[in-house]
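Order of writing sets the labels: A, B, C and D. Residues in every chain begin at 1.
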Amino acid sequence: MAAVNIQPITVNTTIFARRLAMSFTQQQLEKHQTLWNQMTSHRFLLETRDGKIADDIFAQWMKQDYLFVRAAIPFISALVPKGPLHHWKPHSDVVAMLNKEMDLFEERANAVGVSFEGVQPWFINHAYIQFLMATAYTASYPEAYTLLYTAEKAYHDAWLVVKEGLDPQSKWYPFVENWASEEFGQYVNYLQGELDAMASDVGKAEHQRMEDIFELTVKYEISFWEMAYTGAQWPGIQS
Amino acid sequence: MAAVNIQPITVNTTIFARRLAMSFTQQQLEKHQTLWNQMTSHRFLLETRDGKIADDIFAQWMKQDYLFVRAAIPFISALVPKGPLHHWKPHSDVVAMLNKEMDLFEERANAVGVSFEGVQPWFINHAYIQFLMATAYTASYPEAYTLLYTAEKAYHDAWLVVKEGLDPQSKWYPFVENWASEEFGQYVNYLQGELDAMASDVGKAEHQRMEDIFELTVKYEISFWEMAYTGAQWPGIQS
Amino acid sequence: MAAVNIQPITVNTTIFARRLAMSFTQQQLEKHQTLWNQMTSHRFLLETRDGKIADDIFAQWMKQDYLFVRAAIPFISALVPKGPLHHWKPHSDVVAMLNKEMDLFEERANAVGVSFEGVQPWFINHAYIQFLMATAYTASYPEAYTLLYTAEKAYHDAWLVVKEGLDPQSKWYPFVENWASEEFGQYVNYLQGELDAMASDVGKAEHQRMEDIFELTVKYEISFWEMAYTGAQWPGIQS
Amino acid sequence: MAAVNIQPITVNTTIFARRLAMSFTQQQLEKHQTLWNQMTSHRFLLETRDGKIADDIFAQWMKQDYLFVRAAIPFISALVPKGPLHHWKPHSDVVAMLNKEMDLFEERANAVGVSFEGVQPWFINHAYIQFLMATAYTASYPEAYTLLYTAEKAYHDAWLVVKEGLDPQSKWYPFVENWASEEFGQYVNYLQGELDAMASDVGKAEHQRMEDIFELTVKYEISFWEMAYTGAQWPGIQS
């Protein structure tokens, strides 16, 4: 009879021990596996992977994501004054990377006859950009860094899915080459290592806020893909 | 023949002269009349005015707007360091007013058996709050003040619509008494006067950004009512 | 022989145990006792306590501190968006308190024929105000709260020194009544309790930065008294 | 008799017309010529120009300015989110330039046996850095840009003075080559053009605040040279 009691205790201890051994990012990725899977299996990604995405749908993603990538530059810049000295150079490198991403968007847009002239952020894009900036200013550095990591990790994983099936001759393959690349993967690993190190040296209250930001960021990512696919505009507004 | 040419010129001159004589807020309210009407005729407001709003729909507005009113406190606070000395005291008064609004929400929620315990902002609410904070930090003071004015003016006008029909005995009438009151109207007039004065002393580029923020704020307001009515959650997420 | 080894260990253990039992603020006040004493024994305070301070020297302190108290309003306001919900109301109360302090300055200045018209911050005052605002924006909330606590504690202790000797009929006694009061002491105790609670839940790196800000704030306080006494202007500038 | 009245009017009109034709930066440089001359004729610069500066005095400038140049990186970064799109790339280039300046400091320090290990900012340096950050966050973009321009223009002009006399074989000549170079001069000209363009499109109140920041920045620059020369520490603190 005692064994009945002991068994669940044993199991709990194991889980507890495993949790303890897990880094912050491992914990969050495991805890939000369902959300993460919703993101990586979004029809936008699967149709792109399978070469079935409509050109005009891909174009609306390109237009919106171009604006989002551009908005990441002030976000990264706003992190610098709050971050440790040894993060300043990496942040500069990210800004340079974002400038190269914008070149990629412009080159691809040009190649397929899409123009970014006068493009405005749609509601969900506008909201996500506000989330970036509000977090950069009001949250602590480890909290804002959680947003950065989660968004970059999400992009890496999303484009790894597309890579699984997309024809390397596809006109969209350069995006795979950018975000599913080993180089980008190393950058995400670097962010992960830095974030996990910070997470192991914050208090309980801040740790909880970091968890909240991880979850919020995955949600914004999913909503962004949904907007790209459906063309969702401002809720409740007839234009 | 000359008269044919002169006539449109005369008309244009009149329009031009009228524009010149119009304040910033008059210009914006006229320019975005269609959007403004979409807001003041939102079914949430009309059904509330007509005493037909479902209790659970009104409750979901109460929960979300409670969080939004609370989030306005850090927004107002963030304006103080950027604003002129003579705005500091009025901003303190607004924070006191927001605290009283929260009391009103709590009193009404209590009266009708609604609890704010553990309520989280839905997507559109979260987005709007991020817009407040991102604007407070990255925009100029006159730009951020435009957001403040537009949101308060929108609330005043929205509840003036409800006031036209709602039975003063209604359990929702205290909200009418708050935002449709003469006192609140005077506060909105004060904001309008200050904003118009600032708008007359900014450069062209900043004036344009103020116009953009006026329009964005009306859109966020409409989307907020839409969320309150439809219960819209995070786009693309199955929970 | 063993006793020789045991003895120092015993002593160390005692010190270590005492340190462990000490709160953050106790630790800092003990560690920087020399600096703290330099502040509380500054000739400005001792001469004021002994009724020997020259009127024009006291007047230059009044003018500069009036500006500093005023500058504390945007500092406190900038803390709100970064702080926890239960700190918002106390911060509002501090702003109200600062407005009352400004009234006190104006009343006293009036009573003794001093005018604040067109007064500009001298170098050290300007620098201290920049330190407030830069910290509010770039440091974490517990770090910025350390500045707030240290400055308020410094003022309480400074005026407690003056209280020891100043004639209650003195024209400067109302300042004693303000900062050496039991009420102000309770406010400082409240800040101390909140700060110690936060300090016990931050990581090592943040704890170190909090210690640095404590020390910096005491230094700025001393330099402020020095400026008030000597009338020090901008270093190296002949006017 | 009328001529008596007319004459001063004529003179005033000429001055007025000249003022109108002058750009913001020309106006400020003319208005604060005395302060500017105090800066460019500071004994630190003249002794360096004449090869008479003591090595340990030059070393204390190197240590402090190294910290200041480093602190300019978060300052520039904090400007990005508030600035127009076409300033982002130039700001990135400035960060790259600052990193190169730090390399220059390290190389020179190495060459002459000076170490930056554990160097802390002295009071005036700490204050100036706080002024950078507080301005970046609380002031408008044109105001913060005024600080950037004035500090860079001050450095260019200061080192042009040194260039007039310093032996190109001097161990300090690489600093002349950096800030007195034509390339750096072109960068200052670029900042001047951008600032003048912004200044011509702001309101009166903001224009006045820009003028205040110009003057404050020159004062901080002079005080910095004074600190470098005299080794001034925290006012009123005995260590």
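Here is the rule we go by: contacts are C-beta pairs under 8 Å (C-beta built on N, C-alpha and C of every residue); 3 or more make two chains touch, one makes a residue touch a chain.
Values in this document were obtained by computation on a predicted structure and should not be read as measured data.
Among the other chains, the CA centroid farthest from that of chain D is the one of B.
Here B-C and A-C are compared, and the pair linked by more C-beta contacts is B-C. Per-chain Cα centroids separate chain A from chain C by 43 Å. Here the CA centre of chain C is 32 Å from the CA centre of chain D. Separating the centre of chain B from that of chain C, both taken as means of CA atoms, is a distance of 40 Å. Counting only residues that touch two or more partner chains, chain A has 74, 81, 133, 137-138. Chain B meets chain A in the complex at residues 35, 38, 42, 74, 123-124, 126-127, 129-135, 137-138, 216, 219, 222-223, 225-227, 230, 232, 234-238.
Remark: chain C residues 70, 73-75, 77-78, 80-81, 85, 88-89, 91-92, 95-96, 99, 133, 136 touch chain B in the complex.
Of all residues in chain D, only 81-82, 84, 137-138, 140-141, 198, 200-206 touch chain B in the complex they form.
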